[in-house]
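Structures for review follow.
Paired with chain B in one complex and with chain C in the other, chain A is shared by the two complexes that follow.
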Partner chain A sequence: MLNCCYCEPTTVAEALTLLAEHGDGARVVAGGQVIALLLRQGFIKPSCLVSLQSVAGLDGITAEQRGVRIGAMVTLHRLGNAGNEYPTLRALSEAAHTVADQHIRNRGTLGGNICGAHPASDINTALMTLNAEVTLVSTQGERMVNLHEFLAGPFTTTAKPGELLTEVTIPGFALRRSAAVYCRFSPRAGDFPVVSVGAFVSLDDTGQCQEPRIVLGNCLGAPTRATEAEQRLAHRNLLEDTRSLTEAATLAATHLTPRSEPMASSAYKQDLVGVLTRAALTEAVARALEVRP
Partner chain B sequence: MKYSLSLTVNDEQYNLLVEASHTLMEVIRDGIGLTGTKCGCEDGRCGTCTVLLDGELVKSCLVLGLQAQGKSVLTIEGLGTPDHLHPLQIAFLEHGAVQCGFCTPGMLLTAKKLLDENPNPTEEDIRHTLVGNLCRCGVYTHATRAILSVARKS
Partner chain C sequence: MKVVGTSPKRIDGIEKVTGAAQYTGDIVLPRMIFGKIKRSPLAHAKILSIDTRKAEQVPGVRAVITAADLPDVRLGVLTRDEYLLAHDTVRFVGEPIAAVAADTPEIAREACEQMTVEYEELPALFDPEEAIALDPPVVLHEDYEEYERLIELAEMDKRPPNLWQAYRIRHGDIDAAFHTAEAEGGFILENRYMTGYVHTTCMEPRAAVAQWGPDGTLTVWAGGQSPYIARDGLSRALGLPPSKVRVIVPFVGGAFGGKLTVHEGAIAAALAKKARRPVKVVLTREEEFTTTSARTPFIFSIKDAVSHDGVLLGRKILSIFWGGAYSGEGFLKPIFSTHLYPGSYRLPALWVDSYGVYTNRIAGGALRGYGCAESAWAVETQMDIIARTCHIDPVALRMKNLLTEGERTAITMPAHAFSAHECLTKCAEAIEWGTPSEQPGHPWYRGKGIALGNKYSFAPTAASVDVKVHEDNTYELRTSAVDLGQGAYTVLTQIVADEFGVEIERVKLVTPDTAITPFDHVAGSSRQTFHTGNATRLACADATRQMRQEAAPQLGVDPDKLDVSGGRIFVKENPARFIEVGDLFVVEMLAGKRPAAVEIFGKATWEVSASPHDPNTGQGEHPMAYMGHGAQAAEVEVNVETGQVRVLKFVSAIDVGKAMNPQGVEMQNFGGACMGIGIALHEEMCFDEKGRMTNSNLEAYKIPTIIEMPRSESMQSIIVEVPHQQGPYGAKGAGEIVVVPTSPALGNAVYDAIGVRIWDLPLTPEKIVKVWQAKQREGGSA
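Right after this comes the complex of A and B.
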């Protein structure tokens, strides 16, 4: 029997004190959809479970000058609808809507999904597409880290003991004609994606693409930017040069050697990357053009 | 380390001592003795342990018992009784939507929640909602028809 204590702090400060006291032995429980599983499977043996369910102020969504701030305890169900109110979150909502099933989306949280750091996390792939930053708080202070630097590999993050992820910031789009799209493939609904792709394009007044982002999910240990494919799109006029979308998709497919799995070989995943990248980019350009310049 | 847990299950108040790592499913089955909530995969895939927690669909194997402190749970035992079956239970029997029956409690609670929120679901709505409830006998088509029939009657 696991000798473990359970605490339900009501403020962030109390939670941080508990995390500092227990150090490596503490595990944060957000929605519990990952922790309950890890506990049962014996992958973790914490000395203290710190539940966030009674901590006030971690479930807000607010639009501010620097972007949309989303509290770590916002559920995936709520996130699935947030795109209607906050247009920059549309791709994130698409991703949230595909996670597992209704039961799990009701409990699963944004922060929990990020920190679980599953290589196939729909949320992390979509968040990286949106260039999200996470806020980490500890008794020592607060820091903001780009999600790209936060995710260190499969099921691993760069969070230090005692740090708590409290919120995520999605920066506003610099150009009006900008859009992100999230595409994924899984043979059965409710499964993790075999491969997923997030695409972000931003078009200036002439149609030239600025700072594109293409993120590949479940290919390596953490979502990965397809940098060569991005470079192929940068400064191209996507209204005139539509071939560049196909070329970028081809480059994305050959950018890396995806980890093979029992149900999906590396070559199969590469094919999927090509197809999904083409689809995501085409839709992203179409969406960007819907926005009035 | 054991903690005291008070929760309401099917409108009855329970006070129990539970370990921090005990799941709500273990509390319901082993602590309270209501075994209608099934223990299937225990990793959140199959949905046989589905219950309503404060009116929300959850998989009770993925909720820690202590997370249900002060909350209200509805299990299959609270949906209907052998003498007074819930209309969904009657429809499942009439449409042959039960083979081995292991997935049925979870599927019925998912169906109840669906009809509570959307009294006129399409077949597509029903299929989409049942994503989290696996049936290895394959009664999906029958279950879908059963749920549709209840929606049409009400």
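Right after this comes the complex of A and C.
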């Protein structure tokens, strides 16, 4: 049975103090969409729930030199529209737009989705594709880590007790002809994806691909880079060598052994990785070329 | 007839949509506490000990019960094979072992966790084909031969030890049929089919509230399908005479076959007795999935003898019903599933062996169609294959083999109100059969499919109805027929309105309560409109007879010369001579006036007998109450890369004899199509190697959403009306036939689109990708 206190601090500092006081027993509540389930199923038994609902200053989106900074309490609904205003967020917006249903998107937040660390999180897969960094704050100080290092496995992160995720930074694209695309498949609307793929390509003036990223969602415990497939694309001229997209898709499909789940075996997920990777890459190249050099 | 045949507002509609309707879970009684059930985590184990001491010490716990607190009786409708709380053995994950009543559901849950049960794990058996062996690796019920059984199995040399049901149909010479096919240029077609593991997934989980009265009468509120089956089950489980058990049925949030028995009601009652307080038990969604009636699979092997031009010469079927740990609510499925075979087609020879076996899974139960939706998957896919094998159009092939009105079927019973031709024709027309789908291009492929179906309604059965006439021209209908959402209350009310010639608002309904309302068998087998409808008409006739009798002296004419309508009793030949209903009741008794009528109370029982089921031949003149027919067709779009199937168009042409409430029938057609699409394409209960369900929640168990349905303008409902001679106004039921042809219609459409078959339901994206890839490897193309 649940025996715990519930606090609604109004500043980040107050929230951090509460988190520090309760240590391991503290749990942050953002939109409450996941934590309510965790509590109901008895998966967590916190001694204190610290709500971010009334904390000021966590729901901004600002474009700066380093990139676009997005507050942890920005809802998925807002994120779904942010791509219109901030072009580098387009793939993230597409991902946010496909999360669950409108009700959950209205309540669910960026920070909650990231920290929930669901292996099939659309947001985390899209954010990794965009090479996002997260800002973690505690009474001890502040640090920034790459999302890749932050996500440790299914439902686990490397956040330390007392740490709050305050914002996410999406770096700007180094080359102008760059684009990211997010593709996912679920047979039923409103579901987590069976598999999802994020693809980022940037082409230099000659059409050579620089630092591509391919991220596979819901295959392993956390979104995973398909490194062999990325290598296949790196420094290829994607304008001339279109076959490499298909080859990269094949490599992505065979790169790892996805976890099977009810109604989706590992082999089927591999097939989907291939199909989605090809689609995401093709679309990413097309989008990159739309951008005037 | 004014109201019957129209679609007035549902009489329970406003209450439901405004939230005023009371469901079992809404009931609150003074001093009421909450029950939780302690369940087995193992699929098969001996219980060595149960230690309840720690549970009893949790503050707020009021009672803890185990099997020791209950009478030592086994339950089960036709095979008494199940204890309410496990004795020394558990046979599936989720089997009830003990229960706790406490001040809050949370405390009760905590107390269940505090209970320690020691087990000795036994090897478990999950595979039905292993289970049916004469020498199986595990025997679930060592004492089976000692169990009380109310039904005979087909004769056999030796019963496989896990077999609990065996039924046969023997008609014509099946071997001769195969010979003829081979000798005369025909062909033999043999295939194996399997249906999926699905759940009723009602919006309302099973729930019960139990309260004991000072005189030892038990009252149970439970939203089930039959208050009288519930009453008998409670009486047996608790060792009470039936007269000491009262069952009240509040509003029901769906049943579909999953609410026939009330085990949680009996557990609540036992807890309430010990705690001396009313107890409510509401199952969680996980409990619903893992421990209540599932539509467990059937495995069918069909071998057909067919002439070169597509005439069925003989059909041989072996089917195994994948039962669970107990015969449960699926107790008759191996028998009733066979009713489909002779129902539509002329079969000079039919040979059927149908078995039900125990395995260490949740008991197999009813789900809209009770075996026929499953048989139809095999038969109607097979018909499609036959058509393609002899290059005959699938609709034409079916037409060629259909029975005709009055013709004896392969189980002797003649076909009556045989509407299959009309259903098929109208369905084909609506889907534009014969016009190939437009192809959108790789990876999407489109196709159309059609299937026929029939659905028996079981017999023997009976329904009683009471109708009380009030002096204010109001007619009170008392019925134990349950409205599960299908609209029974509205249809029965319409009948009463017409029989008395009044507006529907003048009919008052008393809903099921065994202390007040008379016997009705069950809201199941599409029987309510047919049987309760008939009983209602008869009860109304009984009441109007009494009204005419009472009015005769006042009007000075013979009762035969009178008629009743619109609140008047009038002379047929001169309607201007009448008295009002109120005139029948002179109320001023104390003023010395003798009342004309004290009470006008119509009563009737409608009974349908049946020829007994002969388990060795399946033959009978009248083994069921009636049979309904219907056809469905679909146009689908299949993505061969992801395996996704989109249903573009769906048509149901269903014969209901007479549409008592056309909108109600339409809702059955649409609702059935949606449910059937879920069963065919999306839903599947998954289990791990220990027999634990791995998707027992609504996120992982894929009930489709409205987005997976065809757009509303692409869903079509066609009502066919071929009256049945015994049906009220000619009506048959509509509740189940609407999901019978759905799976094969979709399967045949998928085949039409991609040119490959999937033999086992559901047609998941993964299976589609797999068969498509296999076909590509073999060098085929769509």
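Assume the second predicted complex is superposed on the first by the 292 of 293 C-alpha atoms of A that agree within 3 Å, B and C clash if a C-alpha of one lies under 4 Å from a C-alpha of the other, contacts with A are read in each partner's own complex, and residues count from 1 in each chain.
The rule is short, and it goes like this: a residue touches a chain if its C-beta (ideal position, glycine included) is under 8 Å from a C-beta of that chain, and two chains touch if they have at least 3 such contacts.
What you are looking at is a predicted structure, and each value in this text was computed from that prediction instead of being measured.
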item	value
Chain B versus chain C, judged by how many residues of chain A each one touches	B
Touched partner set for A:187, first chain B, second chain C, both or neither	second
First, second, both or neither for A:268, with chain B first and chain C second	second
Partner chain in contact with A:4 - chain B first, chain C second, else both or neither	first
Chain C-contacting residues of chain A that also contact chain B	1-2, 189-190
Chain A partner contacts - residues on chain B that touch it in the complex	1, 3, 19-21, 23, 42-45, 47, 50, 56-59, 61-64, 66-67, 69, 110, 128-129, 131-132
Residue ranges of chain C in contact with chain A within the complex	106-107, 110, 641-644, 682, 684, 686, 694-695, 699-700, 702, 704-705, 707-708, 764-766, 769-770, 773
Partner chain C, residues of chain A touching it in the complex	1-2, 185, 187-192, 194, 262-265, 268, 271-272, 275
In the complex with chain B, residue positions of chain A that touch it	1-6, 8, 29, 32-33, 35-37, 39-41, 49, 51, 53, 100-104, 106-107, 189-190
